[in-house]
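Each of the two complexes below includes subunit A, the first together with subunit B, the second together with subunit C.
After this line comes the complex of A and B, so read on.
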């Protein structure tokens, strides 16, 4: 056997593994992203602490995006509920957590409850708001539901933004507050810090035995003295475990009798109804579960990840990000959701933050004009660097939105089913592919055979 | 006996509607109590009504286009708000340029004072000070937005003309973000003053203060609405649009030039959106890249309230939403005044829940 043949065999078997095993697919994608950002760290001459920091960011953003995208996929991919109020439900989760756990003496005052109560409370509050939304909204057409959910998300944001509830007193004389436009920053810090520090609120309080051992290892063996990057990386890994748990939960839900009814509703609600299923109940439960997960994602992302919540973080742009991630992954597929979240977080969110540094370092661009005219004016004289400087230093975030918007249009025109949305998830409890039905060829074919799934793509 | 039975049936079938109606009655009663008791002066009340009419007229103007595209193309166009923003920016760029070209460099004027460009007070744009530049800006706003909406239709919507409403809706969200952040790319992301409000004359009519810019808006807005009315009534266009909203295939086989009507719809809707955006800046005095997006939900509220597809419904719905958002300030005082917008959103949700075909019965009058 010559080496070419050997390689192509290895490649084929690897491709087969990717198609068969979702875990392999996700792990391969993550390995590629880690390698990409390792390369970026190397190009930018980061030291080891900087590289650990980048890898921590990759893990964190991949995990939080995957989490929200999974929750949205439950709404849209499984139950066909077109919810574009994601930012609002995330805000409810994290704000409830912050208001429950912030110290009563702080500004704004909170209730001072333990973190675990805060997290559960945030999820419950998001689920309840979801219930309030879902009860009436289910009677609406999909496009009306979209308008209602985006209106509710804006109502939520404007309520948190309003000075009226900046601080207020509950009937029992207990003071509470949303902090108005400034938000809340005094809730307990990331619980992961408790692994390393005696007092999780302060890095100066001294380290726990684990902290001493881990920090000592990094300092003595690897020469990394910034303990914060180790804490962040740990948090990212904890979030990865959370994503795994949620994935397992949703996979179980999807394969349970409950999930089979959901898939039936998605395919044809009237059929499900005429089989005696109370479809509204199923939809409400699904909507609440998805909203609770969005609330959890809000807590883990904006709460413990960012360390402060403020209303501006929950603008409709956030919803838009999650949406494009689910469309990249393909609505209806949990693995696709994780993959879509990872692709969006790394290639469309994180990468553009490092791109200007790389380009500027490579091409030595110094110009930094602050208006478009000042940037294009010099082109007449053959000077292109002011325009590049303007794009890179002043307007890259705006251009990212433009690019992502165009990408969304492109996807809707050319690949509305996303990366993995073409997979037809059977509603049957037993594996139909195991010798019962021939599936030869169908796996490598990106479009499903028309006869097997006449309405699937249109439904999404 | 009969009306009694009817009332009981209403209570049983639509308890929510009864609650909402009761709440509305309560508010109207409280309003009269406030007016008679002196808690609310007639002048203040008149001021709220006037403000509501001005903003309502603009919402209605912008809503006509949204309503037409919603019914004829079958999707909720989330990019409509950003057509409005582009109308505002393109129009005011030209108005600024014409008003200040004799004193300032063209670049800073075209970017409406971006970076260290000229300040609004120095340029002095207002309807009394520089009427020609204001009119020229309006014309450019309309023309430019028509161009944008036709280009977007050609590039984005036409290739997926027969896709379902949700696919088109998602595509329109992509268009919305691309258009919105293109404004940030060329102009700026903050909110900036534009008109020179200090030199605009205002008139006191029975205690209600009306300034010349608001009068301009009402005159231009009403003129455009009358124009649309005649266009749809006196030409075959209105009938063709109604036919297409009803059944596009049937319209096509009866010889209606479908693509031509769609193009006319975009020209009409885009032009009105651009005019509305330009005029919104005239009343607010400031311009921001997301001004259209902030209006979009109110416009959706107006369109849904008036019944999708109905031009007159959109106008009336706009007035209702405008009035509701301003009149709510009678009760929402102090810190609560930030809830004027949520009130309008809430109103829309109520209409969707209890009367999704619109309060005017959803009769398409195009």
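After this line comes the complex of A and C, so read on.
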């Protein structure tokens, strides 16, 4: 009995901690996801390197989704700017980066500039494309912005896909290229490799002192020989730091008079204008900042994450993944954005990739037959296993869209505000109630206060 | 029509109107204002002037064009024709934010609170030229201290205002949860936080209890005297208009029908026909 109460007290204080501390909330959620995927690794009998690899994936996808969702939350959650061209702005970021940094002698050729220039250039280019998109559309109603952004996003993807720009020469005789449908393969190597390898381009070049120490630790203590897995995990952790920095940046933007004007624009732009706010200026700045962050996310996700860039990665469904994540998390909340990104990345993106194997292993269902006829035929004889096997046979990840659809319908009906959208995050740089206690209601009190002097208004 | 001098000087920024009732230079001068929506003419050549520091009433039956006139003056609608001079500058057709920035601020007939922002946030939004409205200043640590200092000062002013308007007990509520009268108060408090030269109030007392109404009128007179703010008031409550406003402008069918002190207006036959005839 006492132990029960002890447990329930601890549970209550833990719940309180989660409500009070966003950091605790996010860390708890991440711990849960790590545990889930550790469990999956165990069920699938992965060795330690395999498990570290899964955890690296969890970290990577959580971080990249959180990053883009945070950027979208600035647009949609704060300012109500309905941007459905996210994939396009990510593409501009990563393509610009690739074209700036690819070697001039490569195929397609680039400018051979340093990585840091490439990253900044990618963000600036995405912001400028954002500006070009926003200038005509922001003066119109919100739905026009949506139409323009989705169109621009497709124009961007098809332009990168076009053979016409596969390689081209700028007026000064400088050769550049998008690689057309094949994309750009000679992408600069992931910068975290420089921590471990003497030459980041080649693992055979030998390890740095840090590399020797870390790889040695994993090899001798844990028996993990695959250094690529350690590099990936490190990159995931670096991305987590980037997410933290972007979170702090956006929290500052939100908790300021600037963020207050954005909220006012979302609520009623005419009111914001009637109070003297130049709403166009606020919207353009916000749109450019969000696009720059989407460009950064493109570089860190599609660029360094996959080591190559190709146009098919930026199909419109990417944009909708991000929107679903922001809806899950709750529009308007930065912490909600991180949580929404984490939930989407882990439960809707990664989990379906492992699910077929888990089901196969657990329920001893064979992932066959291959054809629909062979799957439904035996149902007449009361055999349902072939249908399950058919669904499992590499088709479960494709059912992700069905899961996502069901989840969206559920959310819209039962919790349209998402996980954290119900919270009121006050847009101010200080605690607005500090030093003040709202006194008990007086407005509804019908007795006339003695202080009022009806004679006072006559003296004109 | 009641303002022939102003009409003669149409287009002349420096024209001084002498035909007003308080006697000083008009802060706002509307000349031959027209607004058409498709085939409907909502305002049909209205001309009037509002004297500095006055409490001018604007009345008229439903559909007389009062709110459209407000919308044209404050830039929510672009006038089809005519001029609006505010402190000598023609502001007709300028964006609402430019006009508000000049010091001409309005409230709305149907209160437009920012529903999903707290009452405190609604008021904190209003003050003009806040340091933290710059993206750089709101983010960079070296400027952030200045932003926080200004926010702290504004917070005190906001609380003072909330206490005056007797809505401080609602400070942390979402504005959307307020009653109709409370929203009117919130809107007026918010407009005053912009530190305006002139305030256009569209039916500010609808749903406000009589005690507070008296208190607000006291405050309006105090603001006129102490801070030189001019008020133009659209109101359906004839007692308030006749008792507190001078002059009173009467609109009818998009035009100014009469303009003068309340006693004169009360006895003007055209006004009685057009307006009081319906009411009595």
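Convention: the second predicted complex is superposed on the first by the 426 of 460 C-alpha atoms of A that agree within 3 Å, B and C clash if a C-alpha of one lies under 4 Å from a C-alpha of the other, contacts with A are read in each partner's own complex, and residues count from 1 in each chain.
Just so it is clear, a residue touches a chain if its C-beta (ideal position, glycine included) is under 8 Å from a C-beta of that chain, and two chains touch if they have at least 3 such contacts.
For clarity, every value in this text was computed on a predicted model and none was experimentally measured.
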{"item": "First, second, both or neither for A:252, with subunit B first and subunit C second", "value": "second"}
{"item": "First, second, both or neither for A:372, with subunit B first and subunit C second", "value": "first"}
{"item": "Partner chain in contact with A:343 - subunit B first, subunit C second, else both or neither", "value": "neither"}
{"item": "Partner chain in contact with A:264 - subunit B first, subunit C second, else both or neither", "value": "second"}
{"item": "Touched partner set for A:276, first subunit B, second subunit C, both or neither", "value": "second"}
{"item": "Partner chain(s) touched by A:74 [first = subunit B, second = subunit C, both, neither]", "value": "neither"}
{"item": "First (subunit B), second (subunit C), both or neither touched by A:413", "value": "first"}
{"item": "Contacts of A:229 with subunit B and subunit C, given as first, second, both or neither", "value": "neither"}
{"item": "Common interface residues of subunit A - those touching subunit B in one complex and subunit C in the other", "value": "458"}
{"item": "Contacting residues of subunit A [partner subunit B, same complex]", "value": "82, 84, 136, 139-144, 146-148, 150-152, 154-155, 158-159, 161-164, 166, 316-317, 320, 323-324, 327, 370-374, 377, 395, 398-402, 404-409, 412-413, 416, 458"}
{"item": "Touch list for subunit B against partner subunit A, complex", "value": "16, 75-76, 107-108, 110-111, 114-117, 156, 159-160, 163-171, 173-182, 184-187, 189, 293, 297, 300-301, 304, 334-336, 338-339, 341-342, 345-346, 348-349, 352-353, 356"}
{"item": "Footprint of subunit C on subunit A - complex, ascending", "value": "249, 252-253, 256-261, 263-264, 267-268, 270-279, 282, 285, 289, 424, 426-430, 432-434, 436, 438-443, 446, 448-449, 451-454, 456-460"}
{"item": "Parts of subunit C lying in touch with subunit A, wherever the complex brings them together", "value": "55, 74-76, 95-97, 100-101, 105-106, 108, 112, 114-118, 120-121, 124-126, 128, 130-135, 138-139, 144, 147-148, 151-152, 155, 158-159, 166-172, 174, 181-182, 185, 190-191, 194, 209, 211-212, 214-215, 217-218, 221, 243-244, 246"}
